[in-house]
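Following this line, the structures themselves.
Across the two complexes that follow, chain A remains constant while its partner is chain B and subsequently chain C.
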Partner chain A sequence: MNETLEKRHMGLRASRAISNTIIYVILIVMSVIWLFPFVCIVLQSFRVESTWQVGYVIPQKWGWDNYVALWNSDFKRWYLNTFVIALVVAALQTVIVLCMSYTLSRFRFKMRAGLMRFMLILGMFPGMLTMIILYRVLKDLGLTQANAVPGLILVYVASSGMGYYVSKGFFDTLPKSLDEAARVDGATRAQVLTKIILPLAKPIVIYTILTAFMGPWGDFVFARYVSFGTSAGMNVAVGMWNWLTPDMINQRYTMFCAGGVIVAIPVAILFMCLQKYYVEGVTGGAVKG
Partner chain B sequence: MKKYSDLEFLRLSKSEKFFYKLASFFTSIPRAVARFFVGIWNFIVKKIFGTIASEIADVFLTFKNGDWKTRGSYLVMGLGLIARGQVLRGLLFLLFEIVFIFYMITTGGYWMSMLGTLGRVGPHEEYNEILDAYTTVYGDNSFKILLYGVLTIFFIVAFIYTWRLNIKQSKIAQEYEEHGRKLKSGRDDLRALVDEQFYKTLLALPLLGILIFTVMPIVFMILVAFTNYDGTHDGFNNALFTWVGWKNFGTMLSWEGGGNVYSAAFGEVLTWTLIWAFFATFTNYFLGMFVAMMINKKGIRFKKGWRTILVLTIAIPQFISLLYVSKMFAKNGIINGLLLNWGWIDQAIDFWGSTAHNALLPRIMVIVVNIWIGIPYLMLIATGILMNIPADLYESSRIDGANAWQQYTKITLPYMLFITGPYLLTSFTGNMNNFNVIYLLTGGAPVNPAASSAAGSVGYTDLLITWLFKITTGAGAQYYMASVIGILVFVVIAVISLIVYNVLPSIKNEEDFQ
Partner chain C sequence: MKKILAIILALTMIAALCACGGGAPAASGSAGSGGSASSGSGQAGSSGGELAGTYDITVWCPDNEVELRKAMIEEFNKTNTDGIVFNATVENVGEGEAATQLITDVEAGADLYNFASDQFARLVQANALAKLGSKAAEIVKEGNSPAAVDAVTIGGEMYAYPLTDNGFFMYYDKSVIPEDAVGSMDKIIEACEAAQKYLAFDVGSGWYLSAYFFGAGCVSQWSTDAEGHWNVNDDFNSDKGLIAMKGLNKLQASPFFLSKSGAAEFDAGAAVVMSGLWDAGAAKDILGDNLGAAPLPSFTVDGKDYQLKPFMGYKFIGVKTQTDAVKAAALHRLAQYLTSEEAQLQRFEAVTWAPVNVNAAAADAVKANPVIAADMLQQQCCTAQGQVNDGWWNLAAALSATAKESGDEAAYKAALQTYADGLEKLKNLREGLIFVGAWNGWNNADEADTYILTGDGDVKSLTIEVPESDYMGGRIVNIGSWETGMGAAQVKTGADLIDVAAGGDDNNIVFVNPGTYTVSIDTASGEISITAG
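Showing the complex of A and B:
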């Protein structure tokens, strides 16, 4: 009896070892696939023997030439533009999103349900549709081309109230009795928000700041519209996209790689540091719908 | 279709149950759609007309019962409030009225009068005596007329609403006075804005932004679909544009002239958009869940390390990773170079295709690269949810002799689907509008000869959203067609959402999920 149990135990252990090995193999293969492009882009950024695409990964001659060329190009300006946009948007968008989500989570007013349904319907229109007119409006305000930075900030921030879902889901999980206890003690609604709720909302505040900060680094379509060929008003995505067009790619490919590294490193480091909050936000958002 | 009672349903075999559910799903779609339209009809007739009628009745009644202060508010907004001591509110009403009247007289009237035609005088040649030559003189600006016309209509609606509010408040103030109750002072009002009515303070700025930068542009673009606004009718520099009614919808859906150029292109693109959204959503969903389960499995080490590696694709801006990957798979890119060097192939593979012959490969490629981008998100989401599944469910199922596959289909999958149902829907509609992946990878290529005679040279990997974008660029930009496509995208997404919302829950309840 004991012997058979032992055997079964051994069998279980063996089968677990086999399945774990298979999983390790799969995970290692996946890691290679996931890392390969990023390793390539880093290695290619140090390649100096040619500036076009080549069919090998390891450079034949190494050097900082591409980074020096970046420093001497408009890249600096694009980087600064993007950085300023990202910082300002992160600050303002967070305020707007928190106002919106806190209100919709905590207050019960007459238009609430209608407002949420209305925004759900608005969200079904492709955002791209509104670009044409927003561009013309910004142009009338003089906020395009070289002045694209304030224009982009305005548009990003102004429509950010629509993205309240994730943080509303978070506020819904904070017990209402907290608010009520403070109200009984004589706090106004505004004090409840600033003194009680905000300190508890740290994870979602960080999540909102993080996503708001990362957004502008990737925006490409609208930024291209607004800068409209003027280098001084471009962000990194628009400027570097131009480097990979067919007539530029042979001179700029390795510079693109170097630029990609410079853009990705700070954003990726920030993301990795705040990963915990991002995961909380994303998971919460998916569960609440 | 035959409807079974509960008892009959339980007696069916497994496959019969499945087909019965499937059939009842599809037969209930028309009913759901019908219910939706009945709902809209009821909403319009009962809610909107009912409300307007009762509001109008109340306006007359208030006038009949009002004293001179209340009646005066009909003409001079805020009069009733100021006369009864609510000075702050009253002055705000009055100020709004003055601004409104001033605006309407100075500019608003002009925009409104032009809205019917979108401008009368276009750019034309006129003799200039000083230069002694004909020069171009610019007339009206259709774009501005439409834009400010829409804004003026918003303003008028806001004015009517405020006017109505002013009457309502005058009536309340009068009633309070008659009953000898104390009215709220301006200070009370201000205090309420940080307390009872704090929501008004909080929402003011976000809603203003949404109104001006989302609602107004959408209304404008819906209206553009009924004009001939395009690169050659830009409304100011070369020609005015004007209303054309439903003509553009006719062209797109080919009930009006021009053959079926657009409807063929629309059919092609819509089909691919739906196929793409389906695969992009579900490949990511199941593979992401699978990866999360692998990493979560007992005995697997470096859990955090694996996750960190995968999450890199989220951390790095998509324009870098997607653009780079698209170049890696180019004909002279690294992948082809390596495969050639290793001797696995003798000539470069055209991953992104250039002709109709290899249209399938680019389509598969965008889905595969999308998996690379999308698995990490799903892995994060699934990890969070999987950890919440009570461990004793698995424990007891193992004692009952369930194997891993049974555990997956009976516990893990139903749990995941139940919790992430709404997420699946938003992710499906999000993928339908997934501009970045398509545009940065292929730009829509390769060109689809069956559809390319429509504007924007439609390609095999073009989604509706990238087609829309292509149409709006260049000198021949057909903004009205882009707008029609945008409206159709909305219709498709709304219909899908409605069906899922209306039909799925009823099916879900029948599920044996506990």
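Showing the complex of A and C:
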């Protein structure tokens, strides 16, 4: 009796061990495939024996030369530009999106459904379509080239109200009776939003901040158009892209890698700190549409 | 409470605006008055000449020349006798990028910029290049070879200043490739295989690949007329083209062949890299004293040798069309200074660019540099790269894939035929004449080739079947257009076959009877002839 139990037990354990091994092997292979490019970039950014692309991964000589070279180039300015744009857009867009979502979720006014439908349809047009017109408008306002930073902020923020879907969905899941109770106790609409809804909707607030920050952080196409060859108005993506010419790639390759690492740092930190909210936020609005 | 929220929101907005405001001045501080491309303040002062004044300008040049360019403009400000002072913002915009960028918004573009010769036609069409005056043209003609002068001329007018050449040749590792092998591709491949080292030649790109075809004796010359219509003289689809395909097959059959370019390949195990002067520095750093440079070798097909002849273009400095004539004249002075003999020698010292000015190119220091020497030798044996239709590169690049896959002559012929068909399409898409009328449903964008008038030289013709219908009329137009200038009134031969009066205001050619007709037009004289059958 005992023996058979033992045997069965062993069998279970063995089969679990096998399946675990298989799963872990797959996971390890996948993470190697995923991480390899990133590891390469980090390693290349510390390679100082040559500045061009080479056929090996581990540097022969290590050093900070590439980062020093970055510090002495226009990279500083591009980085600052990108940071200012992303930060301001994250702040403004979050305020606009949350107000918008709250309004559409809690208020009932004429044309509410019509407005939502209208924005849904507007959102279906590819944003690139408007690029040329936006460029002309910005140019006439004097917000291109060296003044590209405020110009880009204007463009990114102007359309942010339309990204209300996820957070409105989340607000809809919060019971209306909470609002009503607060109203009965004498709270204004604004107090309801700031004191009742927002504390309950923390994940969605963080999700909104994250997406608002990420959009301008990685933008290339529009940023390139607006800066129009003027270094002072470029963001990192556009500025570094200019290094990738056949003339310069041999001198700039490792610097480019170092730039890539620096660009990734704030995003990585942001995600690490806010990761747990992010997942909640993405799925939060999915409960009720 | 509502008020407070409103105030908070307003404050947030203002704070944000301040943040932008704070970012912008900080960003533009070191760039001076960058971006104000068209805000030149050319006041003709009384000191110096009539060009005297201070001008705000933007200059585009590639990354490696930026510092040098700034120094040169400083030098120009100090030394010029006209009292011109340029307050220049120099930005890093490469030669390949400049045209693409400029064409989207000429007004915002740089006042003075570098560009590569293949961008020339586009820039002239976009009105982004100022014509050279007669004096400037004289200076360019004196200082440069006829080929370089040709390259900056369209329709009898000159538009730019030659700066340096833009071609490729062979870098090799002297420790692997013996001196007596450098002239022959076969021997080079042998040496590479023996040493287990790679040969990098990026024949996957039309620019590199065409060296084989030109080497075999083919031509491919694109030209544009004053209106910017394309024409091409191309015979890749011929026996000579077959030789090139065989040569390409032989090259790509080697296990040590790499379809890549760039000196970095030396670090990755290559012994031979076909590339241009932009790789000189890196190649020298990697190979040191082992670096050798030579013109491209010859390739052997069926026992006969053919010398590879690569494309060789130029890089130019152009002046953007200006609204202020005085500023334009001052800019031309600067462009002349920047492309002068001394400036080209200075550039050779600083960034190893080959001079194209005839005197600068003959300088001893230039000749003594082995890499430049190879480049100069290559200039003796090359195909001048004029303007090329943008669609051509992909069309040509497709040939190398076929040459790699099979050694079969029939496959080569099919690939060359596809190439020739593609060429015709490329040309017709922009230039073709088409018979538009009741037969093709008045479709003036006919890409089905059915109604396109074809033929070599000036006379283009088309045989059409005119079916019985109420209105048997039509006229000749350029694809995409509705022009009425090529119709009944231009018919000189066969006017009895058509009803001139029925053509109406649209000048249509209206046939009296159904049947088969051959319509041909002499594009030189504009005369149309119609014959039955």
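By our rule, the second predicted complex is superposed on the first by the 268 of 289 C-alpha atoms of A that agree within 3 Å, B and C clash if a C-alpha of one lies under 4 Å from a C-alpha of the other, contacts with A are read in each partner's own complex, and residues count from 1 in each chain.
In the analysis below, contacts are C-beta pairs under 8 Å (C-beta built on N, C-alpha and C of every residue); 3 or more make two chains touch, one makes a residue touch a chain.
As the structure is a prediction and not an experimental result, all values here were calculated from the model.
By the touch criterion stated above, A:G11 is placed in contact with neither chain B nor chain C.
Touch criterion not met for A:G63: it reaches neither chain B nor chain C. Contacts of A:I153 after superposition on the shared chain: chain C is touched, whereas chain B is not. Looking at the shared chain after the overlay, A:Q53 reaches both chain B and chain C.
By the touch criterion defined above, A:P266 reaches neither chain B nor chain C. Judged by the touch definition given at the top, the superposed model places A:A232 against chain C, while chain B stays out of reach. Here chain B and chain C are compared by how many residues of chain A each touches, and B touches more. In the superposed model, A:G161 makes contact with chain B only, not with chain C. Of the two partner chains placed around the shared chain by superposition, chain C is the only one that A:K139 touches, whereas chain B remains out of contact. Within the superposed three-chain model, A:D247 lies in touch with chain C and out of touch with chain B [touch as defined at top].
Once both structures are placed on chain A, chain A residues 53-55, 188-190, 249, 253 are touched by chain B and, in the other complex, by chain C. Of all residues in chain A, those touching chain B in their complex are 16, 19-20, 23-24, 26-27, 30-31, 33-35, 37-38, 40-41, 53-57, 96-97, 99-100, 102-103, 107, 109, 115, 119, 121-122, 124-134, 136-137, 154-155, 157-162, 188-190, 193, 214, 217-218, 220-221, 237, 240-241, 244, 249, 253, 256-257, 260, 263-264, 267-268, 271-272, 275, 278-280, 282-287, 289.
Note for the complex: chain C touches chain A at residues 1-2, 5, 9, 12-13, 16-17, 19-24, 26-28, 30-31, 34-35, 58, 60, 62-64, 89, 91-94, 96-97, 101, 104-105, 108-110, 262-264, 267-269, 276, 278-279, 281-282, 285-286.
Those residues of chain B lying in contact with chain A across their complex are 143, 147, 191, 194-196, 198-199, 201-203, 205-207, 209-210, 212-215, 217-218, 220-221, 224, 291, 294-295, 297, 299-300, 306, 308-321, 323-325, 327-328, 330, 332-334, 336-338, 340-341, 372, 377, 380-381, 383-385, 419-423, 426, 429, 433, 435-436, 439-440, 464-465, 468-469, 472, 479, 482-483, 486, 489-490, 493-494, 497. Contact residues on chain A toward chain C in their complex (touch as defined above): 50-55, 77, 80-81, 84-85, 87-88, 91-92, 95, 135, 139, 144-147, 149-150, 153, 188-191, 194, 225, 228-233, 242-243, 245-253.
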